[in-house]
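Read from first to last, the chains carry the letters A, B, C, D, E and F; within each, the first residue is number 1.
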Amino acid sequence: MIKVGLYVGRFQPFHMGHIEAIKYALKKVDELIIAIGSAQYSYTLDNPFTTGERITMIRIGLYESGIDTSKYQIVPIPDINIHTLWIAYVKSYTPKFDLVFSNEPLTSRLFKETGIKVESIPYFNRNVCSATEIRKRMISNEDWQSLMPKSVSSYLMEIDGVDRIIELTRTDNPSIQKSKF
Amino acid sequence: MIKVGLYVGRFQPFHMGHIEAIKYALKKVDELIIAIGSAQYSYTLDNPFTTGERITMIRIGLYESGIDTSKYQIVPIPDINIHTLWIAYVKSYTPKFDLVFSNEPLTSRLFKETGIKVESIPYFNRNVCSATEIRKRMISNEDWQSLMPKSVSSYLMEIDGVDRIIELTRTDNPSIQKSKF
Amino acid sequence: MIKVGLYVGRFQPFHMGHIEAIKYALKKVDELIIAIGSAQYSYTLDNPFTTGERITMIRIGLYESGIDTSKYQIVPIPDINIHTLWIAYVKSYTPKFDLVFSNEPLTSRLFKETGIKVESIPYFNRNVCSATEIRKRMISNEDWQSLMPKSVSSYLMEIDGVDRIIELTRTDNPSIQKSKF
Amino acid sequence: MIKVGLYVGRFQPFHMGHIEAIKYALKKVDELIIAIGSAQYSYTLDNPFTTGERITMIRIGLYESGIDTSKYQIVPIPDINIHTLWIAYVKSYTPKFDLVFSNEPLTSRLFKETGIKVESIPYFNRNVCSATEIRKRMISNEDWQSLMPKSVSSYLMEIDGVDRIIELTRTDNPSIQKSKF
Amino acid sequence: MIKVGLYVGRFQPFHMGHIEAIKYALKKVDELIIAIGSAQYSYTLDNPFTTGERITMIRIGLYESGIDTSKYQIVPIPDINIHTLWIAYVKSYTPKFDLVFSNEPLTSRLFKETGIKVESIPYFNRNVCSATEIRKRMISNEDWQSLMPKSVSSYLMEIDGVDRIIELTRTDNPSIQKSKF
Amino acid sequence: MIKVGLYVGRFQPFHMGHIEAIKYALKKVDELIIAIGSAQYSYTLDNPFTTGERITMIRIGLYESGIDTSKYQIVPIPDINIHTLWIAYVKSYTPKFDLVFSNEPLTSRLFKETGIKVESIPYFNRNVCSATEIRKRMISNEDWQSLMPKSVSSYLMEIDGVDRIIELTRTDNPSIQKSKF
């Protein structure tokens, strides 16, 4: 009987911390569903990259790390902003899973309340290996490349991702500057 | 001829200030419509409790205060975020009412502009008897129980409400941390 | 320990069949939550009456039938059109309930799948006592008054409800004629 | 004191009936607001043309008819599908107006209920001069050009409008075939 | 240089026609993005299965057909109901692709208008191998199993899919019976 | 061949900077589409005025500046909050245009990526001639009238606009205080 896990993130951008978390999870389950949250957003300060770009980063990053495509599935999930419904929404969007990997206290509680098992996941170099930190470094022109797989940082250069983030900090377009829905 | 009033709040949570306001209003009208605003939200910092939980708090709090169920109706109203339409939305959701109780200058103006009578309501111990203050005290572990009916504080303990609010301050789940739509 | 039931309808309009169903349910539970579905709609062929008007019909109809306000609560619930989330939405909008009264196979299945008990409810004169039948009779000028409590039919006359329904059949206003969201 | 009228339509497409109605209205008011309803839709059977295309048709059609740009304003208004709010929405989107031109019984009633004056407008050759009839003729390859200003029919040819409508009747793309929201 | 194709469907349910189409496409491209349209819907007549269930059907059906997980990606895409935006939405949700496989005239036109190459795909036994036909056969208890991979028909039995569809034809729950958004 | 430009703003309120920008643009193009962004909002701190009020300000301000109604069109465009779709949305709402006037780096990039020409526009007295500055001065009772056409400041007095903005800073109505969607 195959054991399936669920791991939710926004991956803005995808970095070494995510890779270590996925490797950790794949020791506990046979297959991992990687859910991309806030899927409808992009070109905002908090969500600079499109879902298509995030899928690409995850796939090339996992390929570089030697993780086979048969071991994971990627499922983008739009936010619905009504939190009591979010768990039901995730369940309708994803194949059946047996447990959730999460360190987030409220996510954990919400999943547990519907009878789903939740396991925490050790942090990997949390101080620097966070998407927020990486976006900050991109803006202040510090090293961010070392925090992610080479193929992902190359891809971000290719799509001109750093310039996009810098422009997002400077915008005063009312429709764009709202970093949150 | 029965005189009906409308009183709008979010009741996050329901406290003594609300009870005093309702008592005051019920001296002026025969029946009061208690409208629960932002009804679709819950599990956010500003709106921690579901509409179902808010209805329960109002009913048990008013029962403890000796106010009969025949004197009021509770109507949850979702936010629509287009303010010029909000008054029309409230009117379509509620039975006919004769006047609105509100201290809020803009709400008052919007209702008055559509020809509805608005009356202000004396504040009851406003410094401490506010939902914002109560949520702060819950987080910093100060006395909040004395600011609400006993039955309501018991109910909040029962549903583990304080822990929920504390967890909400710590979350970094992108879908949950947005305290506003 | 109080036993609470949930009963969902659209009440377009409220009629004798609903009253009999509520009476039946109140023999089985101490308190009944009457949920008004499709709450955001009105002035359409399927949903001619506003939520405020539906609340009024229910209250005066139950008053005429001698059912006390302490025995039931009315909760309007907007449609969300994503059915797997509907059950979660209903649960967040309503106080805690112990069982659902429903004859609808799919509603029953969805509630049961989340572990909630469902009971069917005997139909009362189903051929004629249906909201669809009543709206048809209003349009073709046949007797509809006998199918509902006197106070409700009076109220419908007062708000000119029959003319509204007839106008709705004749409209070609693109924004109004869509009878469904 | 300038007298302003409001005239609402979907203009799918704009035809001689609309031009006659606008001419009639401009005898009664100094300035006319032409509101384009269902503004967000296009590429559906009922709403084949975008708002931009509809604005273009109205402008060139009125230019051909000798009506000056100073006499009218065009305001696109998205549908909101909650009809009791529609009147409030129209009012927030448009400059102040003194009366509405409409033959639609429910629209008239809704406007009148908020205290706005409504006047009917004589139909111009209603049997054939309707957008529904024109779309039908386009599909069955009958004469439709004679029902609209020359400049508008030329524009529709230029944007390949007839082929678009024919393709819309044949589509089985789930996202496109829904002719209504 | 890897060549990527896009293939859009609703897969309600996934059948042999889809498998043949995917095999055909994989002769033309190195990798195929399989986009699941109308992703947010389920438990309706047109969209009985959740996105999670549809992902499962696709994966087990392709596995049975010997198609490797490295050759395709599955991306669920919610409907947005504003068709001119749909192409932009698809592009933001998916990794970069070089061509689209589609027989649908309007989809083809919309993609072509944004400069994307579109190729048609030969139909496989179209009369019977369509999701609509399969749902009809399920309702009338005719053979539907032969139209899909064995693993998929077993899965549908396992999740009680036929009963779900039959119940959907009988429902009168206002929130559920609307088969379209 | 007529050359058409597009100029996007929120015009909260309309001021001399906008007028100078429009004059500048009209030297480069024959006709200007003035798009009103965030059209659905009003009665918020960032978007105090309705679209109808903004249209009125633009028309009377341009009239005072001697710009003929035949030279421009006003098109309100609602925000959609999914930025990759915004460009497609603007294009579906507006007649065909040849270039965009914008100083905003991200807007410029998004338009350029779809092949549309973008030109910057010189700022006019940017320090004081900004809507944000004007709203600040209204709140602190400093001179704001000199920053806009006389007819526009008169109109704002007439609709009691300054009091509205001051009330908006003081509100604690949950539905109103959210200054952004």
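In this section, a residue touches a chain if its C-beta (ideal position, glycine included) is under 8 Å from a C-beta of that chain, and two chains touch if they have at least 3 such contacts.
All of these numbers come straight from a predicted model, not from anything done at the bench.
Two copies of one sequence, subunit C and subunit D, touch each other mainly through non-matching residues, since under half of the numbers at the interface are common to both.
For E-F, the matching interface among the pairs A-B, A-E or B-D, defined by over half of the contact pairs being the same residue numbers, is B-D. In the Cα superposition of subunit C onto subunit E, the rotation angle, rounded to steps of 5, is 120 degrees.
Each chain gets one centre point, the mean of its Cα atoms, and the points for subunit A and subunit C are 43 Å apart. Subunit D and subunit E, compared by their mean Cα positions, are separated by 36 Å.
Of all residues in subunit A, those touching 2 or more other chains are 40, 42, 50, 80, 82, 84, 91-92, 181, listed in ascending order.
Which chains touch which is summed up as A-B, A-C, A-E, A-F, B-C, B-D, B-F, C-D, C-E, D-E, D-F, E-F. On subunit A, the positions that touch subunit F within their shared complex are 40-44, 50, 164, 167-168, 170-176, 178, 181.
Partner subunit C is touched in their complex by these residues of subunit B: 39-40, 42, 50-53, 55-56, 59, 68-70, 73-76, 78, 91-96.
Contact residues on subunit D toward subunit C in their complex (touch as defined above): 8, 10, 37-38, 46, 79-84, 86, 104-107, 109-110, 180-181.
Contacts from subunit C toward subunit A in the complex involve residues 80, 82, 84-85, 87-89, 91-92.
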